[in-house]
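After this come two complexes, each holding chain A, first together with chain B and then together with chain C.
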Partner chain A sequence: MSADSFRKYLRLLEDEDALVSFAESVSWDLEASAVTTLANRTDGEIPIFESVEETTIDAALVGDPYRGPQCRPWEHLARAFELPPGLSGAAYYEAVIDRLRSPREPRIVDRNAAPCKDVVHTGTDVDLLSIPWPYIHRGDGGRYSNLHTVVGPDPKTRWGHWSSHRMMIHDDDLASLLFLAGEQAPNLYYYEYEPREEPMPVAVVLGTEPAVQCSTEMWIPNGRSEAVFAGGLKDGPVDLVPCETNDLYVPATAELVLEGRVLPNERLDEGPFGDYFGYMNGPRRSMPVFAVDAITRRGEPRVPFCVEGTGVGYGQNSSSTLQTAAAGPDATLGLQAAGFDVALAVPWRFTSQTVWVIATDRPYPGYLHELANFIFTTWGMLHIDFFVFVDADVDPLDPRTVLTAIALEADPDADFHQFGVERMPKVPLNIYQTPDEKGSADVGTSKTKTAKAYIDATSDRPAGVSGGDEELRRRAQELLVDAGVSSEAFDLLEWGGDRSR
Partner chain B sequence: MSNHYITAEEHLPNEDLTETTLQITDAETKRIFEARVRIARDPDELTDPRPLRVVAGPHEDVSEERYVELIDEIDSEGIDEDRLRRLAREQEMTSNIVNTRSDDLKVVLRYLVESGQYDSTAEALREISFQYLAENRPALLETYEDVRTEFEADPLRRALTDGE
Partner chain C sequence: MIPFAQYLRGLASDGDLVTIDESADVPPDVVAAEALRASGPALRYRRADGVDLASGMFSGPDQMQRRESKSWSRLALGFGLSPDASFVAVLDTIAGLGPSGGDADPTYAGQTASRTVDSVQDLNLPQGTEDVWPSLTLGVASVSSSEGSHWAPIHGSVVSDDKLRVRTPTALSSLLDDDGTLSIALGVPPAAVATAYLLAVTGCVDVPVQACGVADDVPLVPTNGGLVPSATEIVVETTVADRHPDFQSDRREAWEHGVASTPLSLSVERVIATDDPVIPFSPVGRPLADDLQLTGLATAAMLYRRVNDYWGISPIEWVLLPAEAELGICFVATNILYAGFEWQLANLLFTFSSLFDTVIIVDEGVSPRDFGRVLGDIWVKAHPSRDWIFSEPSAPAAKRPRYRRDGTTGARLYVNAAWDPRWEDSYIAPRVSFERSFPVSVRDAARKTWNDRHDAAAGDGD
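Up next, the complex of A and B:
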């Protein structure tokens, strides 16, 4: 049975000696995030802060719980899904893709059987500030929730749409949500609900089972439900339960659920925030208002958070791991389903979301341009700046082989392609554009535009010349044996490396 | 609640000491709320000054210290304009007598009248109440003034009133 709750996932980490518990009181104000930052940078255990200062309820903070080991980021999640131990990156992708090919419908459970309803507060009993939201980076505009699933309505599925949008806490029952137009839930708000002057029902769910958090990070096709892919991923149905104050369904085993409405024509400040690029990012923007109508939770909720910005470079955090271990396999499957000869699509390990490496065959001229065009016009392209295309036999999870492919195969004159001619939408969190270049910050949408690009680091040798590769390898092996290396290590020398024979 | 607050430069009024509605952050709890405030560079210009860090720049990484005086915190719900409109509408159809049913208050008000400070107990109650609200709930009065202006400018209402 896979880890079908956040609690079980934490126990699994504990069994693997990958969890460290802090019994002494810790402050939500920078201290919890500082400890988590160190753990993320040093590949340490995942910290759980059992006692948080100035918190009126018994609640714990968990720093970057979905983070995987730096050398094998998918490892904890593979265990959570009960995949065979020790899988290589490519084998993990294959196993996850297999699971995603068999979606499972969720199961509705009675509210009495839903742990997320152990404590229910509605109306004037709602107190958002009773939760120990962390203040994550010095200079953030406020305390944040940034590792959760935003459940919104979806006219095409009964189970709603799941996505991720950071949330800045304002007051007892108000928060602002980073809703960037161009993404599915924000589009529904800006172009459907708000013009009708109708509040959009939303639930923000924290501490979900790993399959739910993973599918939240995936680009599920419009009209399909993340809930059924989460079921496929865990190889069993996800338990859902109706909300108390609206018609949405939320994962029943969650630690904490905020039910509410995104109000029409209302805005509150959002940001600055140190986001995944690794830098503080401003200015504050006017973003839609989330008015909380109910808080339902477990008795002593475990509240997860992510120290964004620590997943760049060699560090891992929850969001960089989820990109590698969830968004990557999902994108690979999506491209294969669209008919492209893609072996693996993988986010570049050191940039979290900005660069992707795609290992692919190149069956005809113009194929890569067509592939880039497909991705940029169908995916959540706001976050991606460019792709590196490598041959299907290059492992995109291995940075050395990718850099080797770029160095050897990408002709600076012919293989660096700009795409979109400075008019493609871009998430305004980037640091290479000035506020003026990003456009007005007053509007609630992203006006940032830039060009996209791709590097063709596939080999230019025509298909069917692998014999030539073999000849080169044989020649290399001969040279190495001549230089004194034992011939036993080589497979192509018929005379066993003994040239005198 | 702490004694130290944060706001963004873009929210500040152009003139110091102007009474304004400002979004401020409690530096200790990070609670963000709106309040009626006065801002000054010199704490001696305010009655009850508290330090206010004003952040500025594209990433709010520069700041300067000013002082703020909180006059009236606006709760998280803000002022409910719809409720004010409904009450104003209902007031058209009902008596404008406010009954306090308090012997003590009546004695005190009559004292103010008999000592020549007011012409009537009604006038005393009106003036004292409005003075209190102006000092302690200015945002409520300001919003009501807007609602009242909007209410009286309503063309249908104006046509009906003119026809009477």
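Up next, the complex of A and C:
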């Protein structure tokens, strides 16, 4: 059975010797984040800090719990979904896509059966500062929650819309949410609720089961619910429970739920913060205010956080892993469903939200242009600047082969497209615009527009020319393993690091 | 100077060489390619028939993941440096093997190879999956002229007991005198094979080795063709049978992407070997192959020295032509001296090498050991329109990429992923890292907390 709660997921990690528990007291003020940074950098175990200083409730912090191994980021999540061990990247994508093709409706459970209701505080009992929110990087604007699911209303589905927006804590019942227009929940706030001067109900849910966190990272088409895709992913229904103070539903097994409203025409400071680009980004901006009406939680909540910025380059953290292991399969399925001949769509491992690599056929002239524009105008609009298209038989999960394709096949004269055109929106988290260019636009995006580009690194050779004799390669790999070479890096062995299909 | 046999022992003692028994049904080039693809160790092939072989000797793990060992670490050991030597130390060492301005002081020693082998076919050189004949790779050709001995890379096929078909730089074949004697050294010290590659890619094959830094380091011995390293595993002495042979082969070692080469048909006059010879081979044409790494390092060493000599100062921290990009992209870390310097630098690199027409510029503080950061910064720090700079479409196509092979002109590209020197300091976004994102006291406490639970030190560099 899939890990249907965050606790079960942590136990699974423990069983795999992939979790390290620290009983000694650790400070939320940079220390937990620093230890997690070391864990991320050394590809070490996931750290859980059982005792956090200056915390009034018995809560633990968990540093980057969804981070996977650097060589196989999907490994832990594959285990959480009970997929076979040792799957190659392509096999993992195929298995996840199969699950996503069969969405499952969630199941409503009684509040008495919902662990996230073990403790309920509403009204004046709400104390946001009782939670050990980490101060993650020196220079951050404040303490943050950045590994959670924001549940918002969706007029087209009963289960609401799930998405991810970092949240800066201000006092015992107020926080600011990074709402960037162009994304579904912020759009609803900026263009529906706020003009009506109506607060938008939301819930911020921490410590969800892996399927929920994964579907939060996916770009689910408008009108479809992340909750049903989470059910497909775990091959079983997600348990939901009604909120205490609004009409939203939240995952019942969560560790912690903040219920509240995003207030109209109210702003609080947000940022700077060291986000997924790997750099601190500023300047401090004004963002919508989240007023917390209720906190419901487990008795001793495990509070996950992500040391953003450590998932670039060689590093992995929760957000880079979730991009590779969740957003990638979802995007592949979405593009296939839209009629494109895409084999795989995968975030570039070294900066996962800025560049994507798409392995695809080219069935007709102009196809890549159509594909690029489809993505840039739908889910790739704000964050992604580049797409790299490679042949369908190039593995986008193997960055060496992608780099080779760029070097050998992408002609600067003919294969780099849409450069020099600064007409597109951009998140202000970027570091290539000056603070003046980013400005302080009312709806979050940078004041100055940017360019988007795609690189055609496909070849003109017929498909199937490269690759060599797979059986011969397999025998060579067996020979090497017999001689004592570690099997982990071989892609064709039954029990190697990758398993052939 | 590290002889090849000693180099083998060094890698073995470092745990970076695995010995395997040759398989009758899996060609060595396939095994070598799989080991490289997996970033595995160097291999020694124990053979019942013929000489022992070694692969991966001049290559190393790819840089697509954080690894303790780098793609140049093995070669550093082969140069007598620490395997942990910096990339720049390796570049400096390679550059120092080349023309020295006449200051070299050659030493001579006896020939290590003293056993005569009846036939070159007795060596049982490896035959790849697509090869008609056994092949030799990673050879060093030596010919004599009135100036001295000249070295260059050579590779080819064994077509009979006494016939070889080879390819070598045109610059070398043009130096052959009337009697046309040429020696092929197989299993030479790493410094010698690196020299041959360096001389080829810098267009200095006409400079005799007696006038190169390598002569200070590698003891030499005369052969029929010319001087070769005294510590050579196998020497094949030949005469030229045909300077214009009528054969075509698709096989090219990587240096041929940027260097004109010619075929030669050679008659084998004598083969001498050490008592227990081991010779390296490269799975030519496969990812991360030894000849590819050597070409990339030799070209980077050439560019590093030339560019840093050019303006009277040394703004370049490192230049890298990674085998992972098949030499088709040049990466350079530099101090951007002033606005527009990046344009000068990129175009100077295009001037000095015809292999690539894409240059990526990163800040001087980016370590070559952190190629992962380079592969992130390209997209994050460079503005998608302002910092991706294309030339007018009138440049010849670079020689390494596969596009525009019809001779049409096109654009070159440089990507400026370095901070703009005109920006105010407050615009420069601090990088998230353990060293920068936490004060000393927190770092110390975190290290103690983490290391108390782990044996391995966690303080490796970012």
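What we mean here is this: the second predicted complex is superposed on the first by the 447 of 501 C-alpha atoms of A that agree within 3 Å, B and C clash if a C-alpha of one lies under 4 Å from a C-alpha of the other, contacts with A are read in each partner's own complex, and residues count from 1 in each chain.
By our rule, contacts are C-beta pairs under 8 Å (C-beta built on N, C-alpha and C of every residue); 3 or more make two chains touch, one makes a residue touch a chain.
Model, not experiment: these values are computed from the prediction.
K.L.:
After aligning the two structures on chain A, examine chain B and chain C and state clash or fit.
P.N.:
After superposition on chain A, which the two structures share, chain B sits beside chain C with no clash.
K.L.:
When the two structures are laid over each other on chain A, which of chain B and chain C touches more residues of chain A?
P.N.:
Comparing chain B with chain C, the partner touching more chain A residues is C.
K.L.:
Kindly classify A:T37 by the partners it touches after superposition: chain B alone (first), chain C alone (second), both, or neither?
P.N.:
After superposition on chain A, A:T37 lies in contact with chain C alone.
K.L.:
Give one of first, second, both or neither to describe whether A:G139 is in contact with chain B, with chain C, with both, or with none.
P.N.:
Both: A:G139 reaches chain B and chain C.
K.L.:
After the superposition on A, what does A:F374 contact: first (chain B), second (chain C), both or neither?
P.N.:
After superposition on chain A, A:F374 lies in contact with neither partner.
K.L.:
Is A:P435 touching the first partner chain B, the second partner chain C, both, or neither of them?
P.N.:
Both partners.
K.L.:
Now for A:R284: first (chain B), second (chain C), both, or neither, which partner does it touch?
P.N.:
first
K.L.:
Is A:G313 touching the first partner chain B, the second partner chain C, both, or neither of them?
P.N.:
A:G313: touches chain C, not chain B.
K.L.:
Per the contact definition in the header, classify A:H170: touching chain B only (first), chain C only (second), both, or neither.
P.N.:
first
K.L.:
Report the closest approach of chain B and chain C over their C-alpha atoms in the superposed model, as a whole number of Å.
P.N.:
For chain B and chain C in the superposition, the minimum C-alpha gap reads 5 Å.
K.L.:
So which bits of chain A does chain B touch that chain C touches too?
P.N.:
The overlap between the chain B and chain C interfaces on chain A comprises residues 139, 279-282, 434-435.
K.L.:
Which residues of chain A touch chain C once you look at their complex with the stated criterion?
P.N.:
Residues 20, 22, 24, 26, 30-31, 33-35, 37-39, 41-44, 47, 70-71, 137-139, 274, 277-282, 307-310, 312-315, 348-351, 354-355, 385-386, 399-401, 403-404, 406-416, 419-422, 430-435, 450-453, 459, 468-469, 472-473, 475-477, 479-480, 482-486, 489-490.
K.L.:
For the complex, give me every residue of chain C touching chain A.
P.N.:
Touching chain A: residues 18-21, 23, 25-27, 30-31, 33-35, 37-41, 43, 62, 64-66, 129, 287, 322, 324-329, 356-358, 370, 372-373, 375-376, 379-388, 390-391, 393, 397, 400-404, 410-413, 423, 426-427, 429-434, 436-439, 442-443, 445-447, 449-450, 453-454, 456, 458, 460, 462 of chain C.
K.L.:
Name, in rising order, each residue of chain B that touches chain A in their complex.
P.N.:
Those residues of chain B that touch chain A are 8, 10, 23, 25, 29-33, 57-61, 76.
K.L.:
If you look only at chain A, which of its residues touch chain B in the complex?
P.N.:
It is residues 29, 54, 129, 135, 139, 141-143, 168-174, 268-269, 272, 279-284, 434-435 of chain A that touch chain B.
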